[in-house]
Amino acid sequence: MDYLTEGFIKALHLLVGGHPETFSAIETTLTVTSWSMAASLILGIPSGFLLGYRDFRGKRAVRTVVDTCLAFPTVLIGLLVYAFVSRRGPLGELGLLFTPAAIAVGQTILALPVVIALTATAIESLDRQLRISLLSLGARGRQVLLTSIWEARHGVIAAALTAYGRVLTEVGISMMVGGNIKWHTRTMTTAIALETGKGEFAMGVALGLVLMAIAFVVNVSLAILRKRA
Amino acid sequence: MIYLVEGLRHRYGTQTVLRLDRLTIERHKIVGLIGPNGSGKSTLLRLLAFVEPPSRGRIVYYPEEGNAGNEDARFQVTLLGQEPYLLKRTVLANVAYGLKVRGDTESLEKRAAEALEWVGLPPRAFLRRRWFELSGGEAQRVALAARLVLRPKVLLLDEPTASVDMESAQRIREAALRAQREWGTTIVVASHDRHWLFEVCDGMLHLLKGRLAGTGAENIILGPWRQCGQDLWAKRLEDGQELVLPGAPGPNAMALIPPDRLALEHVLEDSSDSSPASAPYDGACRIAGTLLRLTLERAGGHILATVAVGRSLFTATLPPSRGLRPAPFYPGQRVELIFPAHDVAWFS
Amino acid sequence: MKGKLRNTLLVPALFLALFACAGGAPQAADKVLQMATTTSTDNTGLLDYLAPMFKEATGIELRWVAVGTGKALELGKNCDVDVLLVHSPAAEEKYVAEGYGVERTRIMYNDFVIIGPKDDPAGIRGMNASAALKTLAMEKIPFVSRGDSSGTHKKELSLWKAAGIPVEDKADWYIQTGQGMLATINVAAERRGYTLTDRGTYIKYEHTLKGDPPLVILAEGDRNLFNQYSALIVNPQRCPQVKADLAKAFIDWLTSPATQKAIADYKMLGKSLFTPNAER
């Protein structure tokens, strides 16, 4: 139990006292998750729309694959990305291993199925009449896409938040392809894993609380945005 | 001609829901669409609106200017569904949506206000309202305003008054007719309100099980039929009379009787010993009922008589007065519908 | 629709390019040396102590990933790092023999200790490693093993071998945790068992329990318990991208008398941890 109270006090110290290592980890975490979220939303929302809106052959198979990918273990994604960006891998020339970019790529793979599946569900649950209405008012293609996504905005925001929850808390990818390099690719979660491994449980708790605080700030900002819309 | 439909077959899964060999719709006219639920009315309207393509066959739209084709239809044809979808935004945004799609954003608010006035919604009270602040009838009227603001060449209406209050229904009808009057908008309207359709339509299309069954006024007698002899089929009507007809193709067939084949005769109140409604081969069947109302048909100038038998309604055409004796009919009378058995058309 | 499809394909390509740029930039700075080392090395804090000194002396930035020994060697095989700092002599020899690494250089050693309950129910206090393990196996006293193929686990296996006792994988008294050193020590404390640990982790463990731990050091100082650290350069002939010159500079710096003295002076929680033994 001591860890928890001690951790709480330490968390305040880290934030108020401006502990540079922690701030470096926070910065890396925010940078990397922003990249991966931007990528997964830009790719995932239109794909989710198509999956939810259009009927095509093999749609159910695609849906099953996407739903299965929801259970993609982060360690496996980490290994997969590692295999590609390792010096001896097909993308080795890019020198991506042990960079924040590599983590962002892995997290994009992690978040993409979440965004696609939940967006598709949100679009599917829209009234069937919406499509007929939009088409009969003259909307086509991109107009239908944007209006439908806007109509399903609550579902899409929920998709984004769920995905953000996953990328913010994953350890496997950051550890495997980021390497947990201090000042460079150490994220909040790999720092927690490191401190816990070293037996610094209170520090682990403190960093965990800081991570929760970040999640809280993000959720509150989105809740305010959602109210306006 | 504004529409030409040829060789149309439309399928959902393995079921063919619409089968129309040829159909034309004239410009500036009001065409009524009647038929029971599931007869393909909504499907036909969606196809005419080009929101889905037919499985087979073609629908050609002829714009006033330019080439025949379906490109112009996108911005000239609009459909108002039975329960239209309002965007989760303000009334203004909903009414202006079609204009924005067209990139036509000049004085949006003024035009939206005009359209709202057409459907009897005071713009000052409604423009800023949000989608959840509207009653069902108001929502339907906003949806109609969103179509009228586009000044459509074709307005397709799918039972626009089926689920709204009386005032809304009246406003919707008036607004649609006004569009036809002022802009020459072609209107195709599906409705269960035959009475109104007969009043306002230039022509009627009767859909039955996805097929064109006539010009609208046909009386339908649904099965089940009970076989009661060699090729004789009986059906007990709602008020207890038994109708026996020859030639049904099966127990679930529908019998169709054109209104101009029904003759109307008075029933004397005391002659209650009249024979039942069965007289198979002598040619004349009789059904007793109560004359409900008389309507002047807009298209042909005929007088249509609506007769209630139990709760079913039959429509008979009274011939234009032949000088000799003006039809001495008035609502409330007991009458008999008389028709030759061989004029019954069967539909399976 | 066709345009949309093209866009759909374009976007991922764009992102990959962006990621490449974002990742490529820091890599382009030539003076970065990428090292793979083991978690236990990193946990001692020695690298945090040495890296700034190295940067000051040579201008080279040392970046390291701390992973298990097996994975560190694997990273070298895949050319993902330039230099290795590990402590698994048998594996290192094989590694060099197979041509994956060159210039294996001894740097320093620390040591392992056998710890157990204060009252020492097996009575192994002061024994050498082989005798201690023999006693534990004979008495079937609980022994907690890492069981995770880590350097420490490999060391433990080699000690059993040296003692001439086959490892009883399924015996009740032989507990394999598959977890880190600290978790393993905690399991040993719960089960009133013995375990093998590196001295650094034990110092921390002792410190967190305010100097009154349930487990104490019972066997130490045996040559068999020494833990030799070596540095290796990833073979530049196999991996042309390897910055062999920087790696060479690092090893030269590590083995210089000044650095060797700095290693000897390094203290964790007030206790010395490493003994430098580079041969120049």
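We call the chains A, B and C, going by the order they appear; numbering starts again at 1 in every chain.
Here is the rule we go by: a residue touches a chain if its C-beta (ideal position, glycine included) is under 8 Å from a C-beta of that chain, and two chains touch if they have at least 3 such contacts.
None of the values given here were measured: they were computed from a predicted structure.
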Please indicate which chain is farthest from chain A, where distance is taken between mean Cα coordinates of the chains.
-> B
Using only protein Cα atoms, the chain sitting most centrally is A
Cα centre of chain B to Cα centre of chain C, whole Å, reads 84
Per the C-alpha centroid definition, the whole-Å distance linking chain A and chain C comes out as 32
What is the distance in Å between the mean C-alpha positions of chain A and chain B?
-> 53
Chain B - residues contacting chain A, complex | 46, 49-51, 74-75, 77-81, 83-85, 87-88, 97-98, 101-102, 143, 146-147, 150, 156
Where on chain C does chain A make contact in their complex?
-> 1, 4, 8, 11-12, 15-16, 19-20, 22-24, 26-27, 34, 39, 43, 48, 63-67, 78-80, 180, 182, 201, 204-205, 208, 239, 241
Chain A to chain B touching residues, read off their complex | 127, 129-133, 135-140, 143, 147, 150-151
Can you check the complex and tell me which residues of chain A touch chain C?
-> 35, 39, 42-43, 46-47, 86-89, 92, 94-102, 104-105, 108, 141-142, 179-182, 184, 194, 197-199
